[in-house]
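The data blocks that follow each hold one structure.
Across the two complexes that follow, chain A remains constant while its partner is chain B and subsequently chain C.
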Partner chain A sequence: MDKLDELESQSIYIIREAYYHYKKLAVLWSIGKDSTTLVWLVRKAFFGKVPFPALHIDTSFKFPEMYKFRDEYSKKWGMDLKITMNKAALDAGMTCEKKLDCCNALKTNALKMAIAEHGFEALLLGIRRDEHGIRAKERYFSPRDESFQWNYQDQPPELWDQYKSQAEEKTHIRVHPLLGWTEVDIWRYLKREQVPITDLYFSKQGKRYRSIGCTTCCNPIESNARNIDEVIEELETTNTSERAGRAQDKEDTYTMQKLRALGYM
Partner chain B sequence: MSGRSPRFMILSIDGVPFGLMRRMLDEGVMPNLAKLEQGSRMRQMRSVQPTVSCVAWSCYMTGMNPAKHGIYGFIDRRDGGYDLAFPNSRMMAVDNIWQVLSKAGKKVFGMNVPGTYPPREVNGILIGGFLSPTVDKVAYPASESRYLQSIDYQIDSDAQLARQDKKAMLGNLDKTLQKRMEAMFHYLEQDWDFFHTHIMGSDRINHFLLSKVEENDSFFAPAFFDYYRKVDEYVGKLMDLIGDETPIMIFSDHGFCPIKYEVQLSRYLVETGWTVPAEQMQHPLSINPAKSKAYCLIPGRVYVNLKGREPGGVVPLEEYQQVREALKADLLKLRDPVTNEPVIERVLVREEIYWPSGSKSAAGMSPQDVAQAKGVFGKAADLIAVPHDGYDLKLGLGAQQTFVKTELEGMHTYHDAFMIARDVELPQDNLEIMMLTRPILKRLGVEPPADMDGEGDAVTPWE
Partner chain C sequence: MREDLKFVAVGHVDHGKSTLIGRLLYDTNSLPPDKMEEVRLASEQAEDGIPEFAFVMDHLEEERKNRVTIDTAQIFFRTPKREYVIIDAPGHKQFLKNMITGSTQAEAALLLVAAEEGLQEQTHRHAYMLSLLGIKQLLVVINKMDLVEFSQERFEQIKTDITKRLNEFNLTPLMVIPIVANLGDNVAKKTERMPWYKGMTLLAGLDELQPAPSVEENTLRFPVQDVYEQDGEKILVGRVASGTIRSGQDIMFHPLGKTATVDYVKTLEGKQEKAEAGRSIGVVLKEKGAMQGLRRGEVACDLSPSPRVGNTVNATVFWMSGEPLKKGETLELKCATQQVSCKVKKISERLNSSTLEILADDADELLDTEVAKLTLKADGYLCMDPFEQVPEMGRFVLMRDTDTVAGGVVH
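Right, the complex of A and B next:
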């Protein structure tokens, strides 16, 4: 069994475990490469079908290519797609001028609304440990309380891969089947499985997106990688962070606002 | 007052200049601090170059120069491109004082010290400084956030508000101080070996009101001193709690002086032909690397766009020294538009004030070795422009003018931080903030890390 087989089978095991425990389960689909890999794994886990809803939190600021991809493949894969948008915040004129507030209203609060509306007990998310320092402490099954707080010091132990999938009431569980994957694992898997992916990830005029989200908060990186093989080759030789192109890196945004107010910029 | 004394107490008050503190002690604004000073005379202390809080506090908390700990300013160039990066404690290359003490089994507490976000794991509690984005992320352990949220703890006062409405700023500063002190006395109920609380509001009030105080403004000057009176009342309560025996240091990290001008140094580098901005300017480092021989980061940190080192470098290694000298000459030519006084007092080269890990000085290094230095030392500016007091160096790549005036009234100064210490053995001469870690560790009986600076040759040379 090679590494990808092992990762795939572990992820599928976690997905099926989650499906067994939670009647109200959904997969969060941001249309990026990781959550699309996750949807692909769900399909593999259940013989080509996604047996629970796919939730897309739509900020209205996603790339047009992402909307096109979402509509095309949700249909092709027969998904029960739920789209949630914080219309009240958008109507009140929320834009990314204040990025922290914007992310909070259009992503976090929209997700809270979706959980309330559909009564989801658990969500499958495509996050990986190597994405960001804070995610290093994540678990495969991670409880969140009512206000979405995650207390990383008070988590159920997951020893010898015994996943803790039971939770107290009033929490929802986030399930992270891709936690052990790295960025390059994802790309190797996308290649092996020929998973469709938006072409925002491939180089046009010397630039490509390494991580996608809202048009307002993503910057392309300098790259000549025009296809999956070239992306893999680039990743094997790079040492910059995957999210380097995302102004959405909220701490940086906060820091920039603060430093500007203090006259440092 | 309930609570107990830690074995070592620090209350730091950001950016209070020695001269102002002297005046407030003498004029009865801070009687409690004056009482402490009777037994332990206040001293002047040097800060860091360039004089910014995150660097000063990083030097304090590591006892090392920036080429060892890695924090050179509030912004850096991002690896691999001409874009901005924002250093925080993740980029700090060495243990901080709370970690060093923790590893020696001491119980430690820190709150609001700049440069401590995200808070590192310690044997105790560490609450991040003013660049912490939200209260739920501010503390180690994370569970402490719940207490902080419950008292409506304020990470920092609102500088944006200060720009819009200085009267509203005063209320905001009071609330921030009150919440900080409430948290301090709450945590002092526990038993600690080392306890450090920081007050940031003094830096803010100095930034936004210092000229009004100099002008003796009828509303803002008394309000300014009222803020310090409140700080002093808390000092009084603290002194009652800790008694006469506990070793204590109360100090600032740099001084302050009124601003004559904010100086847009990037624009000056454009005017003098060193920097060429990109066609589409998106941020303060949007330069055209192919046409730029140098660029700068705030404040006064000038980099040679060196081939092989910078992502789009154009200056060959053999021209490095020559380019540095020419840049230095140009920087020293910058003059006040009205008085024609020089703006830049001196220009330092990286090896004058920084030295890499494992060393105590970089003075003997050749310019080529300095230029090609790797690791943390290799991220240092090639030149550091040190302004005369009153000229606050900014970036302003796309600025309309080099010399501007804004709502900011005060700027940091190097020579005149203050230090009041009781029962701590500080170096006798030429005190600088980087020298403080050793005596604290010594007082607590903890061996300093081998590479620590702050004594012998490993001090910042300055006359």
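Right, the complex of A and C next:
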């Protein structure tokens, strides 16, 4: 087995653990490369089926390419797609002038609404340890309390693939099957498996998106990588961090920690 | 082929683990410019303004303010030889469960000892825990050599102390390296300041570590994780724990004690001839009705050698909860995909995991960070193998309500 085989099998094991323990499960799909890899791994775990809903938290500010990709592949892969939008905040004129408030309202609070509406006990999320220092501290199975808070100072021990398999009442469990993958692992896997991906990641006129989210808070990087092979080659030589183009991480040194303690992904 | 290696950095609080890792990333040019900037800004906001490599790893706000590591973190870097995953584990006694969480994911360890302080409480404890967790490959670094004026005598003395201690647990360090983590001596580059040291730098030493050996040649153990039914077909799913499962192979399920023949291995891509240890797969059996009674927790094994099947478990257990274990208490035991309730019948050889002092031969309770031999009586049968032979089937966790409170191994 090579490294990709090992990562794939580990992720499938975790997805199947989540499915065994939590019947009200959903996969959070942001249409980016990581959560699309996650959806692909769900299909592998269940021999081509996606036996629980895929949840898209729609801020209304996503790229048109993302909406198109979502609608095409949710149909092609037979997914039960649930879309949640915080309409009240949008109607009240929420914009990304204040990043922390905007992410909190349109993503975190929208996620709370979706969990309340559908009664999800557990969510599969495509976060990775190498994305951001604060995510490096995560567990594969990570409980959130009623108010969504992450108690990062006292996390449960996680030994030998034995995960927290029961949640106290009124909490939900975040499950992170991709925690051990790096950015370049994702790209090598997308290439090997020929997973379809939105072309926002590929260079047009000397620029490409390395990380995608809302049009308002994502800046493209200078790049001539026009396809997967060139992206892999670029990543093998770069030192710039993946989320350098994501404005919400930058507002102050501890923004990501504050966002995540409030329940951000 | 594998091209990565995971190692955990352990040692007493303030002996410099996070600093060393920050330095390793710096020296291997693995730090992105914006992360360097982030470190610089955070250092400016610190009262003394001293740049801190540890900030790269210690990412939580509380950790930066107090300069201690609270939880385990993972970070990635590469040398020309391979990719590394470093697991940074906290050195405080109260964060031992996080050190253990980090260590169970590693195939090698880097143990730090500060030259001026020498072996301390957590140095001893971490060394012992590594041996319990079955980590065999170990590098030792003696840090802060600048604080002892680069004394060879001091280095040799600590080297003797730590080697002797490790030998007691059947551990032998691959090498012992004198370094200064924050200044970089012997981390990536040989230093001029310790000409008496003829060995390798830490970075060269890491490249000498061997990846964990594959267990696909071992005896077959396939713990059933779940049973799916799709298009009228019943599929056992799970990950092969050891050995290789093949189409046409005769297997026996334990603890049920039922034989069957493998029809084929199933994946999204279709029918496969075989699957080796580590693979998450589906298995379809030949005989109609063979699926009767098969569910999560059954383990498909070679006809021989059989695992041990029984309802009594004798094991070495480390306790990780502030709420002590009481003799007579009932806990849930989880080994691979098996789960049974079990009662603690006996707590013997209760041990301080740092001093290794026996606190009681026959105890009524076990406290946080202590280790003991437990006799557990399960309310059902389970199958296990000695930890040394099939690691996945020889280790388990104990749960109280919804929390993991202990880990254990059977020999």
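Here is the rule we go by: the second predicted complex is superposed on the first by the 249 of 265 C-alpha atoms of A that agree within 3 Å, B and C clash if a C-alpha of one lies under 4 Å from a C-alpha of the other, contacts with A are read in each partner's own complex, and residues count from 1 in each chain.
Here is the rule we use: contacts are C-beta pairs under 8 Å (C-beta built on N, C-alpha and C of every residue); 3 or more make two chains touch, one makes a residue touch a chain.
Only a predicted model underlies this, so the values are computations on that prediction, with no experimental measurement involved.
State whether A:Glu222 touches chain B only (first), chain C only (second), both chains, or neither.
first
Which partner chains sit in contact with A:Asp5 here, chain B, chain C, both or neither? Use first/second/both/neither.
second
Does chain B (first) or chain C (second) touch A:Arg129, or do both, or does neither?
So A:Arg129 only meets chain C here.
Taking the superposition as given, does A:Leu259 touch the first partner, chain B, the second, chain C, both, or neither?
In the superposition, A:Leu259 contacts chain B only.
Which of the two partners, first being chain B and second being chain C, lies in contact with A:Thr182: first, second, both, or neither?
In the superposition, A:Thr182 contacts chain C only.
So in the superposed three-chain picture, is A:Gly93 touching just chain B, just chain C, both, or none of them (first/second/both/neither)?
Touch status of A:Gly93: no partner.
Using the touch criterion from the header, give the chain among chain B and chain C with more contacted residues in chain A.
Ranking chain B and chain C by residues of chain A touched puts C first.
Just chain B (first), just chain C (second), both, or neither: which does A:Tyr13 touch?
second
Touch test for A:Arg43: chain B only (first), chain C only (second), both, or neither?
A:Arg43 sits against chain C, while chain B stays out of touch.
Identify the overlap between the chain B-contacting and the chain C-contacting residues of chain A.
Residues 133-134, 152-153, 239-240, 244, 254, 257, which sit in both footprints.
Which chain B residues qualify as touching chain A in the complex?
Where chain B meets chain A, its residues are 52, 74-75, 78-81, 84-86, 88, 90, 118, 130-131, 133, 136, 141-143, 156, 158-160, 162-163, 207, 262, 284, 298-299, 392, 394-395, 406, 408.
Of all residues in chain A, which touch chain C in the complex?
For chain A paired with chain C, touching residues are 1-3, 5-6, 8-10, 12-13, 16-17, 19-20, 43-49, 129-130, 133-134, 136-137, 139, 152-153, 155-160, 162, 164-168, 180, 182, 239-241, 244, 253-254, 257.
Which of the residues in chain A end up touching chain B in this complex?
Spelled out, the residues of chain A in touch with chain B are 100, 133-134, 149, 151-154, 222, 239-240, 244, 250-252, 254-259, 261-265.
Could you list, by residue number, the parts of chain C that touch chain A in their complex?
Checking each residue of chain C against chain A gives 1-4, 29-35, 38, 41-42, 45, 56-57, 59-62, 70-76, 83, 85, 97-98, 100-101, 104, 214, 225-226, 228, 230, 235, 237-239, 266-268, 276, 278-280, 282, 296, 320, 334, 392, 395-397, 401-404, 407.
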